[in-house]
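Should a chain be cited, it is by its letter among A, B and C, assigned in written order, with residues numbered from 1 in that chain.
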Amino acid sequence: MEFKLPMTTKVYIDALNQKFNQSPDLIHKVFDIKGQSIVIHFISYQIKKERLDREILEPLTSSRKPWSVNDLQNRIPLASSKAETNLEEIAGQIIHGSVAVYIEGEKEVITYLLADQEQRSLERAETESLVFGPQVSFTESLITNLNVVRWRLDTDDLVMKKLIVGERIPTEVRIVYLKSLTNEENVETITQRIEDLVVDEIEDTSVLSQLIEDSSSTVFPQLIATELPDRFCHSLMKGRVGVMVDKSPTVLIGPVSLFSFFESTEDLYMRWNMGTFMRLLRILAMMLSIILTPMYVAALTYHYEVIPGSLLVSLGQSRATVPFPPVLEALLLETLIELLREAGARLPTKVGQTMGIVGGIVLGQAAVKAGFTSNILIIIIALSALASFTAPSYLMGTAIRVIRFPMIILAGAWGLIGIAFALCFLVLHLLKLSSLGRPYLAPVYPLSIKDFSDSIIRLPFNKNPKRPTSTMPKDPDRFDENKAKQKKDVNPS
Amino acid sequence: MKINYYVKQDVAVHAFYLFFLVHTVQIGAGLMGVPRIIFSESGTDAWMSLILAGIYIHFTAWIMVLVLREYESADVLGIQCDLFGMFIGKVIGCLYVVYLFFLLLSVIKNYVEVVQVFIFPEIPIWLMSFFLLFLMIYCLLGGIRTVVGACFIFFLLTIWLVFTLYKPISLMNWDHFLPIGQSTPFEVLKGAYKTTYSLLGFEVILFVYPYIKNKKAVHLPIQSAIFLTIFLTMLVMVVSIGYFSPDQLKETVWATLALFKIVSFSIIERFDFIAVALWMMVIIPNLVIIGWMILHSLNRMFYVSKKKSLFMISGLLFLASLIIEYRSYINLLTDWTAKIGFWLVFVYPLFIYFILQIKKLWRKGKRA
Amino acid sequence: MKWISMTIILLLLCAGCIPKSPIEKLGIITAMGFDELEGDKMKGTLVMFQFDPTTSQTSQTVTSEAHTSKGIRNEANQKTSHKLVSGQIRLKVYQDQLASKGLLRYLDTVTRDAKMLPLAYLSVSDVPTSQLLRAEISEDAPNIGKYIERLIEKSITNEMSPDATVVTFLRDYHDIGVDPTLPLLSLEEQRVFIKGLGLFQDDRYVGTLTDEDIFYLLLLQKNLKIGQLQIELPESSMEKYYKKEAADNETEGSLHVSIHKVDSKVKIKPKKNDPSSFKVNLTMRTRLLEVSKSVDLSEKKTIDALEKQIEKQIEKRVSALIQEFKEKQVDPVGFGLKYNTITRKDRLTNESWRDQIPNMKVDINVDVKLLRHGITE
């Protein structure tokens, strides 16, 4: 049946009912005002009923004159009113929480957005919690998130480009950046990639990130997904582009480099020397995490010569009772740790902690006592697991833990040569990666010594007047260096 | 084939990276054994040979740049075709490719040999070749940007090995150098000639020049790269002479790596194992740069697609590395590569320069 | 295509596995001793770690007989269930009779086999090593090899004995004009101790140096930093400087002076074209630790006199030491090497220097400075 206004109320109601598959949720009310038939459609739980009563129904029923579309728009002047003629559009509006008003005989339907969404309020960040600094995290509501970002970056420079992605379930995606700062190339790249997407649905930001990343075969994330507004806004201030997706509490940041994943905004809130120490510590931890267990496996399987004399006896004694070769032993324990982590993550927080104790202490102790593993390996594995959790980005931490497995196997098969091969491969792989077309290993390669000041290390703010060049910002200066040096103290002496 | 070769701006390389390109291609398999080779010619005065060789290389690199600057954006392949005509130019180009192929092969063979002697006598040759070629292919598929990046990063990742030499330095006996000048000038010259193999590779300038973004600034990175190479070789040379007694040094094939043997840390007893494994990172830049030069030459001269020639060259290298088994064959291969390299890299650029000057004069005369 | 290449790669890699040798399957030799047997044979004693699940006893000692060093290992391999490996050997002890026939043939494997540790210590023993390496250890060391290794290491770092690693030995052996030395171990009441220093002609053990003389050799060999020394001065030498109140009731006997933190510099000056004449300049800056009699140290001239006496005594001892070297025709100091550094023509060879050693004339000049003398005056 063709939907063409004007039509009688009955036909109109039928048409909408059919569109909504006779849904019991779609409520329609017919008013007869001065011989004029007016139909109102809405979905009961999608709208704020008080507002409907107060702002629409009351004026509508108390009027003495007959209504027309123009009257509606003039006399019930809600900001969100829209005139629609298309059934698809009307249905879409209703789904999103609009009230559709149709006056029999008119050519347009007026919709008012009175949406009422169930949502949680702003809460503390869970996965990226900070000890020190802003605690708030994004929520699932795009509107709230936009609101938070606007609140942090209250400038008209802030652009929030809107895109709709998803064939079946359209989802709103926002590309956020600072216009006078961000290089258009980055914005265009990311816009293009999102526009080119042909997908059914975007479940979450991380799904979008996987869809638009440069390389999908690698384990390394190429866009930062964060739930922290301060991290997001800080990145925008560096000239990066942000992507926000409706219904997702995480947001994307790009282009980024490998080292961005080891930066936490906490480093900014601490003094610069502590921040630098933390960043270096995390990078060191990553290296240790990758190299320790494979080295153990290689040394014990092939290269007994490299074991220092003082360690030889204790290593040998603890190995003597273990029935497996070192590779298997290491893989077993690594898997055990992964299991513990996974179980801890799936369980509620309180039970999760107990899991940690049971797994860590009881299992570990028992495994050593039973001669199942050597206690030195337990120390090494625990150390490298710990190290991998220091990465502020959860995805990067996971990536580090995953690449350990092939490295252990290579170390078990060809000892130090296997490790060297794996490391070379890793470096070459990282070299070939890019994030939105920008090099992944910046600022190390391409080398830009100035960018070190706020990536691998962190210099004091007043010594750091330049934005990182790896994102090619339009405005390379944060502030005037010379002006910042002048301090107009009231000098008591 | 066009004389000049222009590249897109986004694949062009900053002149700064020439430093790493030139340095890392020079340091590699040669450095492992250079002390003995020079020492066997010029004895405790080997350092003199090295200084002599160093000066000559600085000079040759300078001439190379002068030659390249005569053209707008050309490499040696284009220049020789311009000078000697297409046919002869391409023949010399092929000679370069063959030489580079043998250089690549000798690098692989030498490293595999070292691994077998120092870490794993049991490791099969084909496996090591496979590892190295796999990394080479993986890197070369990324193009010139990845090649340059690999040189840069691997340089940073391995240069600290120099500092572990402090231990052998502390055990040096300076009396080994005295008295200065025991060998005849001819022996010193011969020693300088023997440095060829370990210092080869800086001919990369002749190939990579069109890719340089700021062509005016190439002198400094090239010369400093060569200086660093000479410095490191000198360091290793001097430490080896001081550390080993003359008779020992004559018997020690890989004196550089033997120096690492006495380095030990509290968590690693034998550093030579780590050093030999890490040496893979020193070898990779060698492989990728030389491999890139081969691919580039083939692509320039015969328009072979780089991917196709990459897999073909790798296959050939793999087979060749299996065929050569005895140490003596490897030495033979190294010697011959050094001999061809000497003429192609140390003499030929001077010749080109000479011809260019004559041509210039001739043109001037004609105009007048 | 991708899958095919992946499978091929995987298959290849599976084929490329290397025989594994996990540490618990190994008998890791840490010390080896060699004794002489009749004929060409020798007896080897191997101290090794092997790790068994049932026992906490990790150290094992195995003895075997063979013609070569590797042969001993192979022979010993038959006597244990673990695979014997030599990459962690840190100590090799040779019985004196064996050492006097030349050590080089036992060291050849060390230079050729890249797995051998070049920093292992070598030493000579005047008791059969099979006894030495079965001695009891009272200290907390994992095994006897480790104990002896620590013993030698300590005396080297404390500047009580010259370096005794394989590299140093081989370098001194190969260098012309210098002879190697090795510590001499012995056994006393089931305890191993360093008895003295073994002197070598090339690689042949020819004699020993007593414990006290080692320090004077070290003084000549290199610059010291932390050495210490006890000197015996004649009874009358410092009589004038005794403290007045104590001068009368001094006990009889010679005066003993103990100095420490010896910071010495040595300069050996060879003479051009005369390999038999050398000039040695020794400067020592040191602290006085102990004087056996109450000498009045508050006055500068006392110190000067004491310095003079010590210088005289050191000169005497050093010349006596060199006399001993001349008699034994050894040159552990490296006078010949020094001569060669200024000679282009007619350089010394090993044989010519050996013949020259008895004719050597060394002019010694010692300069001692006592900088501090403890917390009392």
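The rule is simple: a contact is a pair of C-beta atoms (placed from the backbone, for glycine too) under 8 Å apart; a residue touches a chain by one contact, two chains touch by 3 or more.
Not measured: the values here are computed from a predicted model.
Visitor: Find the two chains joined by the most C-beta pairs in contact, please.
Guide: By contact count, the leading interface is A-B.
Visitor: By mean C-alpha coordinates, which chain is most distant from chain A?
Guide: Using the mean of the C-alpha atoms as each chain's centre, the farthest one from chain A is C.
Visitor: Centre of all protein Cα atoms: which chain's centre is nearest to it?
Guide: Chain B is the most central one.
Visitor: Just give me the whole-number Å value for how far the CA centre of chain A lies from that of chain C.
Guide: One centre to the other, that is 65 Å.
Visitor: Distance-wise, how many Å sit between the C-alpha centres of chain A and chain B, to the nearest whole number?
Guide: Chain centroid spacing, chain A to chain B, equals 47 Å.
Visitor: Would you kindly tell me how far, in whole Å, the mean C-alpha position of chain C lies from that of chain B?
Guide: Once rounded, the distance between the two centres reads 43 Å.
Visitor: Could you say which residues in chain A touch two or more other chains, in rising order?
Guide: If we look for residues of chain A contacting two or more partner chains, we find 302, 305, 307, 309, 414-415.
Visitor: Would you give the residues of chain B that are in contact with at least 2 other chains, written as numbers and ranges?
Guide: 120, 123, 127, 264, 269-270
Visitor: Can you list every residue of chain C that touches 2 or more other chains, as numbers and ranges?
Guide: Each of 13, 16, 18, 87-88, 117 in chain C touches at least two other chains.
Visitor: Contact residues on chain A for chain C in the complex?
Guide: 300-302, 304-305, 307, 309, 312-313, 315-317, 319-322, 325-326, 371, 413-415
Visitor: Please give the residue numbers of chain C that touch chain A in the complex, ascending.
Guide: 13, 16-18, 20-24, 26, 28, 30, 49-53, 56, 58, 85, 87-88, 90, 115, 117, 142, 146
Visitor: Quick check: in the complex, which residue numbers of chain B touch chain A?
Guide: 14, 16, 115, 119-120, 123, 127-128, 131, 135, 138-139, 142, 146, 149-150, 152-154, 156-157, 264, 266-270, 273-274, 276-278, 280-281, 284
Visitor: List the residues on chain A that touch chain B in their complex, please.
Guide: 302-303, 305-309, 311, 414-417, 419-421, 423-425, 427-429, 431-432, 439, 441, 444-447
Visitor: If you look only at chain B, which of its residues touch chain C in the complex?
Guide: Its residues touching chain C are 117-118, 120, 122-124, 126-127, 130, 171, 173, 175-176, 178-179, 181-182, 243-248, 251, 258, 261-262, 264, 269-270, 272.
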